[in-house]
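Handing you this structure, nothing more for now.
In order of appearance the chains are A, B and C, and numbering begins at 1 in each one.
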Amino acid sequence: MSDVILKLENLRVEYRSRELGQETKQALNGLSLAVHRGEVFGFLGPNGAGKTTTMNVLLGFVTATAGDAWLFGVNVRQPIARQRIGYLPEMTYYYKFLTAEETLRFYAKIFRIPKGEVDSRIEAVLKLVELHHARHRPIKTYSKGMQQRVGLAQALINNPDLLILDEPTSGLDPLGRMKVREIIQRLRNEGKTVFFSSHELGEVETVCDRVAILHQGELKAEGRVSELVRHYKQNNLEQVFLKIIGYHELHDSSNLAGRAA
Amino acid sequence: MRVYSLAVGLLASLALSLAVCLEPWFQSWKGSRTKSDGLLQTALGDGRKLFASHFYAKADAYFHNGYYPTVFDNRDGYAKAHIAADMHKEGEEDEAAENYLGKPRDWIDAFSRHFYPARHTHLGDSGCGHSCCQRAKDGQGHADDCEHKGHEEGHHGAKRSDEREILPWLRFSEELDPERVETYVVCAYWLRGALKKVDEAEQFLRMGLRANPGDAELLFELGRIYFEDRGDPVRARNVWELGLKNWRQRESGKPEPNVFLRAQLLGYLATLEEKQGNYARALEHLTALKTISPHKEAIQRWIDEIRYEHTP
Amino acid sequence: MNSTTLPTSPAAPRDFALAAPTGASTWTNVWAIAGVVIKELCRRKDFYVLFVLTALITLVMGSVNVFNQENVFRYLKEICLFLIWASSLVIAITTTARQIPAEQENRTLFPLLAKPVTRHQVVIGKFLGCWLASGAALAVFYLFFGLVAAAREHDWPIVNYLQAATLHWFALGVLCAMTMLGSLVFAAPSSNSTIILVVSVSILLVGRHLNKVALKLSEPLQTVVQAVYFAVPHLELFDVRDLIVHDWGLVPWLIWAAAFAYAAVYSALFLALACLRFRRKAIH
């Protein structure tokens, strides 16, 4: 059985503009990546690098212009590829008229979790995300943090082997961020694979086994954090990141231009 | 918060007191209040006449158990069929003539006829609406080779129901357009004829007269109630003579006066006077009637009868 | 956060061999999505407001004194049925029109499509939910109608009412499918609702007569109108109010079944187009 859970091969995504005279925007250009079982993989890049586009392709929201992607060896175009994954979007929105329990029950039905197991699984997940006390309240009465936790709960309801998280700590307070880190650690200990994007490089450095850095739709670097730090002769991941995206050259050239003026 | 509640309470009391003080004065004010429109009239505005027409047509549709042509249908066929209630007594099968729909033009037309009333019937008919069945109900029997011979009452069509079902729509039509005289006349006809509600018919006609003062047609119908239902020839005469007088004032100057109405008034007055023994008056009315009626021979015979039997 | 671990499911595959999708799994997803739509209708105020309005107007109209005549009931049946049709059109069209656009706007579509659910299942599930929800609303409306009619008429032709209600429901199926397609074509739910409402009312009023109108026109307009006449779904076929009000007999059951087949064909056509449209639609 292959050890590769997630695989991208020469992925290219272009967005054609509907307006006349506007150029086609290339979001991804020949991205190839592989994530192995049990890894915690960080997917990094500045805004507009193509991280969300990559996730959209993995989840079937967007069709790649060229190349392919696989989850568990199944092409992502087939819905069954999503049977064993959990997805937490950056912005968490769920049916406001449903309660947390009803939401989880709905997703449990889609995952075809056996009827005898649904109650215990919902109970466990709600306790894990500390929403047990609010399970019967409609989601529209929840705070932002509580809604984020509903998102986490629905991502975990099917006990996924691969968790895809899109900026999971975005908008959370320090306590919330710590709790997300704890969950990621727990999942790693259970042998799950986690694939997540984040801007919090400090967090990434702490939890990730490997990272990939994307810039302008292209993969610029991939590997263990320690290897990348050594290779780029920097002190930490943040400096590696800035070097890869060319921050210092850009900064120096703009300084030169300023002095010349 | 307490101050706010007190202020609101005070304002409410003030408003109520004002209303109580002003109400008696308003009641005595005979200005536009008596002529003010109801809520429905105000809401619909001038469009109410359209609705009144629609409700009047609705009453007619109800009389035909929902079988009624639209603006898109062949009205000529229906107009002919409309008086076919009398033709039930004729020997021939007149069903084809009663059918404004005609033959189905396509499969959708044919299919759709299962979903709406597609046969000419009247409230109070045998039910299935076939002319032969109506004649059978009246005791004339089916022909031996009639395909509807086995039909029982209520078969295939509407159940029997009284003409009362048309009344609400006439009521609504009157509410929206009190100046439509036809509504009062038709409604009064059914109230006193089929439903034996003479008091209500009279009341309705009087409502019509309030909205249309001195209307000859309404006076004619009112006179019929006094003469045929109340047995009060004096009031009937007064009302009919007033009707005749108003007709002369309003209709005689028109390029196409309602001659039929005048004929009806003269005919009924003649009948009344004959029954009361006022033969001279009866002859006066019949002479005037003869000048406008198409049935001059019949009227002449009537005149001759009166002269022969009652004049010295 | 507490230290509860997630229970592992003995039934869930622990290796990476994935079970192939089955027809049963498709219907599970469709029913799950439909269930959410039905819950939504039950928790929104639309239905309750329209029902109360219908009941109020019917009861007020029922209290009108018609020349001291008792047992006048046809007009009441007509008014009640008219209100039921108007309310059901509003409920079906507005409920369906906001399904997919609301999912996109509220971004609830992403967690849904991130599950093993196809876009086709979403469209069909939403349609089924709207149709069933409209049917549930219809059942309540017709029950009220039956009670009002029975109170006046002292008769309860239940089979006739059932037949009328089911035919009405078939029509709502076609409308829901049409609206679902519209929601994927038109930009805003409000414009979709308005257009579908206008189209459906036009079909109900003049659909039956287009062939007669065509005869009075010259070419090429005659051909165009004839084509429209044969192409549009004839919703007026399902409107048997006149038969109910005027106490005509039952529609033959074979004809009723043919009407159901007619509705099914049009609904399937609109849904197929909707699925095709949604398959290509960018949702990010």
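The rule is simple: a contact is a pair of C-beta atoms (placed from the backbone, for glycine too) under 8 Å apart; a residue touches a chain by one contact, two chains touch by 3 or more.
These numbers come from a predicted model, not from an experiment.
Centrality by C-alpha centroid: the chain sitting nearest the overall protein C-alpha mean is C.
Comparing mean CA positions across the assembly, the chain most remote from subunit A is B.
Taking the mean of the C-alpha atoms as each chain's centre, subunit A and subunit C sit 39 Å apart. For this pair, subunit A with subunit B, the centres built from the Cα atoms lie 78 Å apart. Under the contact definition stated at the top, not a single residue of subunit C touches 2 or more other chains. Residue ranges on subunit C touching subunit A, taken from their complex, read 1-2, 4-9, 11-13, 15-16, 18-21, 25, 28-29, 31-32, 35-36, 39-40, 43-44, 106-108, 110-111, 113-118, 282-284. For subunit C in complex with subunit B, the residues that touch the partner chain are 64, 66-69, 71-75, 167, 206, 208-209, 211-213, 229-230, 234, 236-240, 242-243, 245-249, 251-252, 255, 258-259. For subunit A in complex with subunit C, the residues that touch the partner chain are 1-2, 5, 52, 56, 59-62, 72-74, 79-85, 87, 89, 91-98, 102, 106-107, 109-114, 117, 120-121, 124-125, 127-130, 151, 154, 156, 158-159, 161, 164, 179, 182-183, 186, 190. Residues 62, 65-66, 70, 72-73, 105-106, 108-109, 111-112, 114-117, 156-159, 161, 164-165, 167-169, 171, 191, 195, 197, 200, 204 of subunit B are the ones that touch subunit C when the two sit in their complex.
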